[in-house]
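Naming follows writing order (A, B, C and D), and every chain is counted from residue 1.
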Amino acid sequence: MSNKALNKPEGFLQCANCKKIIFSVDFEQNLRVCPYCGHHHRLSASHRIEITFDAGSFVELDQDIRSLNPLEFPEYAEKLAAAIEKQDAYDSMTSGTAALDGLPVSVAVADFHFMGGSMGSANGEKITRTLERAAETGHPAIIFCASGGARMQEGLLSLMQMAKTTAAAQRCSRAGVPFISVFTDPTMAGVLASYASIADVILSEPKALVGFAGLRVSKQAGVGKVPDDFQTAEFGYNHGMIDRIVARKEMRTTLIHLVKTLGGAKLNGK
Amino acid sequence: MSKTHKEWERPLNELEDGIIKLKEVSKKEKDPQKREALEAKIADYETRRDRYVEVMYSNLGAWEKVLVARAEKRPYTLDYIQAIFHNYVELQGDRNGFVDHAIVGGPAMLDGRPVMIVGHQKGRNIQERQLRNFGYARPEGYRKAIRLFEMAERFRMPVITLVDTPGADAGVEAESRGISEAIAAAIFKMFELTVPSVSIVIGEGGSGGAIGIAASNRVLMLEHSIYSVIAPEGCASILWRQADRGADAAKALKLTANSALEFELIDEIIPEPIGGAHRDWPTACANVKGAILKHLGELDQLSPSAIYEDRYARFRKMGVYEDIFGS
Amino acid sequence: MSKTHKEWERPLNELEDGIIKLKEVSKKEKDPQKREALEAKIADYETRRDRYVEVMYSNLGAWEKVLVARAEKRPYTLDYIQAIFHNYVELQGDRNGFVDHAIVGGPAMLDGRPVMIVGHQKGRNIQERQLRNFGYARPEGYRKAIRLFEMAERFRMPVITLVDTPGADAGVEAESRGISEAIAAAIFKMFELTVPSVSIVIGEGGSGGAIGIAASNRVLMLEHSIYSVIAPEGCASILWRQADRGADAAKALKLTANSALEFELIDEIIPEPIGGAHRDWPTACANVKGAILKHLGELDQLSPSAIYEDRYARFRKMGVYEDIFGS
Amino acid sequence: MSNKALNKPEGFLQCANCKKIIFSVDFEQNLRVCPYCGHHHRLSASHRIEITFDAGSFVELDQDIRSLNPLEFPEYAEKLAAAIEKQDAYDSMTSGTAALDGLPVSVAVADFHFMGGSMGSANGEKITRTLERAAETGHPAIIFCASGGARMQEGLLSLMQMAKTTAAAQRCSRAGVPFISVFTDPTMAGVLASYASIADVILSEPKALVGFAGLRVSKQAGVGKVPDDFQTAEFGYNHGMIDRIVARKEMRTTLIHLVKTLGGAKLNGK
């Protein structure tokens, strides 16, 4: 299913889920959540940052980090260049520092539009730095995930990003600093099977696609029937993997509560 | 469709079958002269066989490595355990309600010192293959591994892991019990350890399922093993929508031990006997044992906190990227 | 069959219903004289009601305590959380494939300080009762609790647990996922903590299901709560093969707060408003809050290792036995 | 099912499971395991100690600890006195020190014949001391369990033994000393839900009854059908709760291996 609201006649859009026509102003005011069916359309990293953290508090870091093509993988250089050109960014992950109700946090926000948010060397490095900054400063880490998984075109280097980012999360944990990951549509495969799933708290937007392998692969591998809500956030919630499904408009408040309580001791220097 | 390892080795196997038959004939031959002639022929065939094997294995391409890494007669985890360790007690149980036979493990002695072993286990016959889910580990396998890692830390035992999986189980059941979380938690736990850990890719190092038990201070690969972010067939199917172009994908993915060493993702390549580990188990096991002892010996010099930091630093530097202005 | 709490309170409820009706009549009454008479009657009934409540609740027997502890209108865990804490974020998930709504928990603020709350949760209407499995917690509930305890330790948050369960789920599913292991592991984890922990039995403290989240530095009981090694009905059924002799068993089991205090198994009895917590939630919540603050305040004086040792010592001395020669 | 082999004409017994007649000498030589069906009949504590630990190595401790009747529970005093009289012991648990292939261990062995092995104050105290001795000396703890659960007649005091013994196991774990529990027929309820299930390694004799609640209670509580092997050791093994099913004649060797490997660092003073 495409997750992109389609542009319709001037000032109107069509919901990617229920196909109803939405007045653009309403759509934006409702944080790109369909007012009819509640479908959470994908957000760009900058939009997500804007609606989540204190106004003007975000400071971007690591913005020049970009993947190379060490394997000289077929067509990779072209794809990467096109993504950089189109998204005006070097990677799907935007990382830096921000504040939530005045409390400092170390953040990274994924943008699925950049090569499906796949995790290559640059992506892994930015996540790692985000978690390391949290461990060092004692400021809670918050990562918004959106990814199809590891970036195949960087081969084993990409697989190692699973280990590297998870190691950084462990360091954060050892330092007693909270790490909250937020699943957005979609959070899959190598990202789900590494740092994203070992956060202290895992939140998810409603109906986000969340799973280990593509549905086709799961069906081939399995014997039982596939539940209707398979690989949705709700399935993850009902199977103990997600702590809370949080509607987009409640996300900021929920994060503030968590940062205050879980980060309380560190943030007060105790 | 691509060849299997068996098909690929067919000329060689036919030659070997021929040798066996000749030997039988020779044994029954009463006439000394004829026997001598037969034996000369056998010796000739054997020389040819040896040269053939040497040539065949001296410069394997990526896809041939895939075939060899998957070879049915290759020694598996329990074969290495049997040959290298003593007093092994296999421990089951994820303590969460399930059991997985695609990952095995337990404490054992290595030349008089206690170690904790964890490894993927494939099956050799059809019943065992089903029992072991064809080496596709389930969430409970990783959770068992976590238990064993914790025990190793508590009792100050080095951890040895043997990696040999086509990938983790991606089925509906595995998903419902959190295969992703289980893999992530296993990696996480390995990074907590302050006891030394050594991982060896002995066959297939298949994506998340492999790294789940391979976050060690030292990661070694057997000469003909492979280590990849995705199965070549899966890659081909995504890239070109042709699963049978696995050979092309294998090449593109650079999944050989040489490439892994070149990108500084592994520490050493353990040589295999000529013709591959499946042709000479004792030599393969001896080489693996030697490598474990060597690396454990080096790691023994480090304090617990240095072990932890060494492992972190090892993975921290992995990746090839450009950072124009730094930051 | 033994009475339920509702049946036991029927005379009182009838009196209260009568008062409500009289009040309605009085409100509609236009004649001032008649209204005055009615109001006098109401005042009289209220006095009688208050005295009745006082008498009824002043000296509850063991079985009456059982009835009150199980009363449907008693405040439950989420009611206490709502009244006492701020910024509560309920966290689900055992991270093992299952979810349980009979145990709830998450971080919150208590008068400006972060704490971690875990408690059994019963349901008030039939749908919620089913969702919450009638308060019988499942393995995943205890595994969720363990996660929250670990988080509390990591982030240096005191742990508050509220106990209110008839017992853990003993069904086939719960057994297959290791209900025994889950309870044991939760107790074990509580003993690992170096942050202070306070547990309060707010209703039913039912056997293993209760102790699973009650291994704290301080264990308090609400005045009319119960705490027992076995449900009185179960005990009667084993002892006399008569489940309906629960009242006799309740007496024999000494499951009241007074007995628990006498045997030094709890630290304090939190008084309930006259007529029980269900008659006055705000007072019950205020009393619970006061008790938590008092005990946390005392525990705040201890270092992390002293917290650990204090908890160990607390349970270490429990038991009544004879040791003739020592050893 | 009764677990007691019945005495038959002079020199013969009947297997409690398959009902076959067994020559007594064979039965004893086979460690009271039926040579026909492999049924493991219950053992007394002294017999278990004899066949498990190094000959003559066992030293009993805590043997004078006995439960009282603080609740003045109906009929408890009489039942306890009768058990003491019949079993010539004060409790179902025999505790002390022993050796396995020369390596020192701290041990406790339950005898189901004494009031169904139920855990009251005396029982809990002996388990606690066994685990504390292990933690202090660094000698691995081995406990053979056989119990119907907590001792109802000591009320809440019994329930607290679950916490007390589990605390002692945690202390053992914190000290880095291995604790191995061995389930024998039956290992149930309050014992299973406390120290027995949080051992580092859990072994079980084949077919031992292992469960949280009586079968009747489980059936009432559950909705699904009851599997054939429900609440057997094999069920526990197939559900991740038991590490190994070990036949009686293999138990000593298995324990020796475990003590050597898991206890290696401590026993060598490292």
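Criterion: a residue touches a chain if its C-beta (ideal position, glycine included) is under 8 Å from a C-beta of that chain, and two chains touch if they have at least 3 such contacts.
Everything quoted here is computed from the prediction, not taken from an experiment.
S.K.: I need the common contact partners of subunit C and subunit D, sorted by label.
M.R.: B
S.K.: Farthest chain from subunit B, comparing Cα centres?
M.R.: C
S.K.: Rounded to the nearest whole Å, what is the centre-to-centre distance of subunit B and subunit D, using the mean of the C-alpha atoms as each centre?
M.R.: Chain centres of subunit B and subunit D, defined by C-alpha means, are spaced 40 Å apart.
S.K.: Between subunit A and subunit D, what's the gap in Å when you average each chain's C-alpha atoms?
M.R.: Chain centres of subunit A and subunit D, defined by C-alpha means, are spaced 50 Å apart.
S.K.: Between subunit A and subunit B, what distance separates the C-alpha centroids? Give it in angstrom.
M.R.: Measuring from centre to centre gives 33 Å for this pair.
S.K.: Touching two or more other chains, which residues of subunit A qualify?
M.R.: Where subunit A meets two or more other chains at a single residue, that happens at 173, 239-241.
S.K.: Would you give the residues of subunit B that are in contact with at least 2 other chains, written as numbers and ranges?
M.R.: 95-97, 143, 176-178, 181, 185
S.K.: If you connect every pair of chains that touch, what shape comes out? Choose line, ring, star, complete or other.
M.R.: other
S.K.: Please give all chain pairs that are in touch with each other.
M.R.: Applying the touch rule to all chain pairs gives A-B, A-C, B-C, B-D, C-D.
S.K.: Flag every residue of subunit A that touches subunit C in the complex, lowest number first.
M.R.: Within the complex, subunit A contacts subunit C at residues 173, 176, 178, 200-202, 237-244, 254, 257-258, 260-266, 270.
S.K.: Of all residues in subunit A, which touch subunit B in the complex?
M.R.: Contact set of subunit A toward subunit B: 61-68, 70-71, 73-74, 120-122, 124-125, 128, 150, 152, 154-164, 166-171, 173-174, 189-190, 192-198, 211-213, 217-219, 221-227, 230-231, 235, 239-241.
S.K.: Can you list the residues on subunit C that touch subunit B in the complex?
M.R.: Residue list for subunit C touching subunit B: 95-97, 139, 143, 176-178, 181, 185.
S.K.: Tell me, which parts of subunit B touch subunit D in their complex?
M.R.: For subunit B paired with subunit D, touching residues are 87-99, 107-109, 113-115, 140, 143-144, 151, 154-157.
S.K.: If we count contacts the way the header does, which residues on subunit B are in touch with subunit A in the complex?
M.R.: 136, 168-181, 183-185, 187-188, 191-192, 207-208, 210-212, 214-215, 227-230, 234-235, 238-239, 252-255, 259-260, 263, 265, 311-312, 315-316, 318-327
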